[in-house]
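First chain A sits with chain B, and in the next complex the same chain sits with chain C.
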Partner chain A sequence: MSLKKKSRRVLFNLFAWSVIGLIAFPLIWMLVTSIKPQSELFLIPPTLLPSEITFEHYWRLIDETPFLTYMKNSIILALSTTAVVIVIATLGAHSLLRFSYPGRERLAQLVLFTYLLPSVVLIIPLYFLMIWIGLANSLISLVIAYTTFSLPYALWLLRSFMAAIPDDLESAALVDGATRMEAFIDVILPQALPGIISTALFTMILAWNEYLYALVLVNTDESRPLTTGVMSILITSFNIEWSLLMAASVMMSVPLIVAFVFLQKYLTRGFGAGAVKG
Partner chain B sequence: MSADTTAKLPWFRRSYRNFSLEEKYAVLGMILIAPTVMTFCAVIAYPLIAAIYLSFFSIYTPTMEGHWVGFSNYATLLQSGEFWRSLWNNIIWTVGTLTLQILFGILVAMMLHQNMVFRSLARSLVLFPYFLSTVVAVLVWKWLFNDLYGVLNHLFMWAGVIDMPVDWLGKMPNAMLSLIFVGAWKYFPFVVIAVLARLQSIPEELYEAAKIDGAGVFARFFDVTLPQLKDVLVVIILLRTIWDFKEFDLINLMTGGGPIIATQTLSLMVYKEAFALNQMGASSAVAVLMMLVMLVFMALYLRKAKGPSE
Partner chain C sequence: MSEVHINHVYKRFGDVTAVDDLSLLFKAGEFVSVLGPSGCGKTTLLRMLAGLETPSAGEISIGDKVVNDLPPGSRDIAMVFQTYALYPHMTVRGNIEYPLKKRRTPKAERAVKVKDAAELLQLEELLDRKPRQLSGGQQQRVALGRALVRDPAVFLLDEPLSNLDAKLRAHMRAELIQLHERIGKTMVYVTHDQLEAMTMSHRIAVLRFGVLQQFASPDEVYRKPANEFVAGFIGTPSMNFIAGEIDNSDGKLTFCGGGVALSVQAGLLPDGLIADGDKFLVKMGFRPEDIFIGDQGDDALVSVVEPTGHEVIVLIDLNGNEVVARVNPDVRLKAGDKVKLRFRPDKLHFFGTKEGIRLNV
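Presenting the complex of A and B:
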């Protein structure tokens, strides 16, 4: 029995890994292109493995384009959006889970509804608003705009993480004489910390990848984040330099890979913000 | 007792000191949710209402000046071929890419459910496209699709599938097909992860019983796996329909709606009307109509999502 079974397993593994190879191929190609010498780029047929590895495109990206400015903006944006959203959402999720007051259920539904709302509907009034209060072309305008999608997301995700904390923990603290805020800070928050951290990472990824608001609300190189910044490198260059763009793509993806590794355990939850399970 | 008589008054006639513990908790709960509610009002509720209001005006974007035109934006839109074309494109894109995502997603999920070497690495590699910035995904695919030096054309010519380099993005129906395909590549991991989680919770006994009854691989899939996946698939399809329907980044970056308007969806039309044609009012009207279409799916999803948790 074992020989037939073994060969079937080997065949299955071969098949499975070729499918995965195909799925991952675009990403491998991105990496390969970014470390190929310029001269090798246009060889026919293309070479899968570069004859020599070069980092010239990365250096040129940093030297000759505003890439670092974009990156700085993206980092500031991702961090500040996340900080604002996490504080608001942690308080909100705690309230939605462990307090009862009129309108609470409706509010929870509303959060889910806003999570599905298309950005293009909100963008025109937000554009007006930003010009009106004089924040157009600033990073602050983007932080405000990013809360429109990241707050519902974080709230929903945190709610699902914090729902797993048993009610008894808080009750025990209350019996010991703690006030509800003390119980929240001393008992609930430490328990919720892994959930808060992973929600923060997911929110950062959302902010890091956002494109539409950045396209509409910011029009200067000083406050452009990476997404629209890299596209402007593409548009403003005379002939498209693919190795430069692939180097930029790799650099943009590195923080995502790091976050991804940390989030392994929570991927199922974070993907749909638990929305699939309801 | 004065405490008793005050307790019978409605809450707003009493001072906070006379509140019962339960009422005090309710107040604290409302204070904790207040920042959320205020942010929602400022950045979501207000723009949403403003969008509907603006759709009754004719506004020139650069000066932001305009005047009331009533329903004329809507009337013009409903009579224009461009609106219906964009809606149609939107439907083709959504149905096309969603179908591929579901089929491919289920297949890969079942594959990852089996025992294989380096399974967690395989899982990570499969899921990563979903995490990738759309900008990066589009840049990589544009490079793969490149008509002169792109790998795809080389590969297909070498394999003898085509004799001439193909223009993947500049011609129809290629442009729509390429979009649908790249959309499927980017978003199918969502299906994979949701289905995979469900697969892991199907009791093994069901398969054993089916095996004893003599069911083959396909019979087991259609009689055991698929019925078990049904509920999760309904929710996935609703969610992905909503998300694919409103997709802007991928389409705008890949084709910009071109050639001409052959791949222009409603999101792109909203953007174009507002910032290329400078018609904010008309643009808002498109956005409102688009939301009306989506509302159907949102309502269905909200009902589904509410059901099982209670």
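Presenting the complex of A and C:
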């Protein structure tokens, strides 16, 4: 390897690692702060590695606050939103691709149009709607709200995914004696799996991190998800419980990190949708 | 084994008529090819037989049952697709077994049938592989296996050889013929490749723009094409045409056109087609093998010589008309040679100019 090539490699690596450091630093700081003793929190100069590792903030969070209730709510919320969105979006995408009925293309465009609408403008109408149908202050109201704004994107993502599945596969299943639903389950779904998984991840992240709707639609501790719950207990006008906040942030990140680790290969496959040949 | 009856079937997609008043009867056990250029409606016809498309009008029967309203799975047909349409996430065994599973065949029976089909198609070694680990020819055989295993009354094959390379295609052609002889089922074979249609079928249905042009044996389609389109479509190189007129003087018919004048053999055209002293505009057709290059006949100029080994294809300029001849490789010719052409008088075809219908007896 020539010197020029070598130095170019070193430079490239240096650049890559600085970008990684830039992105990773806040996360590392979050982790470090969550295991620092309270006394070390505001030391100047700050310590990068804590002199003593403690999990007291985690225990306090679990013992003294309704953190676990929020966690449970967030899990229920993320899973049920994802389930509802995936069921409707796969069947919807299949219908938009394979069935012929008047106005099919129009319908697809209309769905895209709803995605263009900023979700903020829907908050007040949705709030009144939820009160009117008696679902205000419930997790279901959030599931409905999250479904309304993640469904259009999910539908289009899955549509482009499923468009890459050859028509002949479904025809072959029909000729082989499957009903339409059987052909969908036996043949289309396994082919669409990478797309379904990446769509599911996208929806789950959205439901997990959503803040604004949760703030407006839900006001009781029993139904609050993590985002607004943590905010309401740890951040007040007078005080911010930094160490608890960081411990909460770490615990909030863990489920997503776990999901990513397991589903990463599907996600990257998802980004190459259409290029993947069955 | 069942006959297939297509009775005045139409298929329209919006303003486009893909299949136009088609009536055909395929006999039980027959190997029929549906042949035509792309967009002639042949695949639409096959999909209607399979139940994947609904006819806009008309009736389709398989055996003695009208199947218009039956879903594909209840029609007792199997189909092999051009793309093979193997299920990528299933093994070869899973693919072949799938139609049996959908028919609730007991597991033990399924295993036996899959084994039989695999044996017949030499797939035993490949049963646990996924389709993407197979070569084109092997995938083709799996697709056939999936069709065979159900023992259907009718096989529908949609250009099944078109994705294979030339050598493998010739091999699979022979295999398909043998397979048909062995199982004796009615097979409907859609293709745009006339060689496949000619070599494999009992009868060929030639389609154009969704309209049936001719339905006859390969021999008849070749020797007595029903119209100018069939004449030009069947045969490689295709038939030569020269526009001209036939006049009748004292009962003697003479063709004049393209600088050629030749007397038409008695009995070639029906009596009374052209009244005495009358003229009739025609197109004269002749196959490349039905002209001779020698020292007698009309003057012509060799423009291109294409030796293929066992024969030589010669492009000849005959008074401004381009004519293709198929000659023996021993005849040494080169571009620019002046030659003389003769036609085989009993092999001339005449077509009307308006709709191109065959005029010969």
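In the analysis below, the second predicted complex is superposed on the first by the 253 of 278 C-alpha atoms of A that agree within 3 Å, B and C clash if a C-alpha of one lies under 4 Å from a C-alpha of the other, contacts with A are read in each partner's own complex, and residues count from 1 in each chain.
Throughout what follows, a contact is a pair of C-beta atoms (placed from the backbone, for glycine too) under 8 Å apart; a residue touches a chain by one contact, two chains touch by 3 or more.
Bear in mind the structure is a predicted one, so any value in this text is a computation, not a measurement.
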item: Touched partner set for A:187, first chain B, second chain C, both or neither; value: second
item: Chain B versus chain C as contact partner of A:144, first or second or both or neither; value: first
item: Chain B versus chain C as contact partner of A:59, first or second or both or neither; value: neither
item: Chain B versus chain C as contact partner of A:23, first or second or both or neither; value: first
item: Per-residue touch tally on chain A - higher for chain B or for chain C; value: B
item: Touched partner set for A:209, first chain B, second chain C, both or neither; value: first
item: Contacts of A:262 with chain B and chain C, given as first, second, both or neither; value: neither
item: First (chain B), second (chain C), both or neither touched by A:173; value: second
item: Chain A residues contacted in one complex by chain B, in the other by chain C; value: 278
item: Touching residues on chain B, where the partner in the complex is chain A; value: 25-30, 32-33, 35-37, 39-40, 43-44, 46-48, 50-51, 54, 64, 108, 111-112, 114-117, 120, 122, 124-137, 139-141, 143-144, 146, 149, 151, 154, 158, 185, 189-190, 193-194, 196-197, 232, 235-236, 239, 242-243, 245-246, 248-249, 253, 267, 270-271, 274-275, 280, 283-284, 287-288, 290-291, 294, 298, 301-302, 304-309
item: Chain A contact footprint on chain C (complex, rising order); value: 47, 50-52, 71-74, 77-79, 81-83, 85-89, 98-99, 102-103, 132, 146, 150
item: Complex interface listing, chain A residues touching chain C; value: 166, 168-169, 171-179, 182, 186-187, 190-191, 278
item: Residue ranges of chain A in contact with chain B within the complex; value: 9, 12-13, 16-17, 19-20, 23-24, 26-27, 29-30, 33, 41-42, 44-46, 87-89, 91-92, 94-96, 98-101, 104, 107, 109-114, 116-129, 131, 144-145, 147-148, 151, 155, 180-181, 205, 208-209, 211-212, 216, 226-227, 230-231, 234, 242, 245-246, 248-249, 252-253, 256-257, 259-260, 264, 267-268, 271-272, 275-278
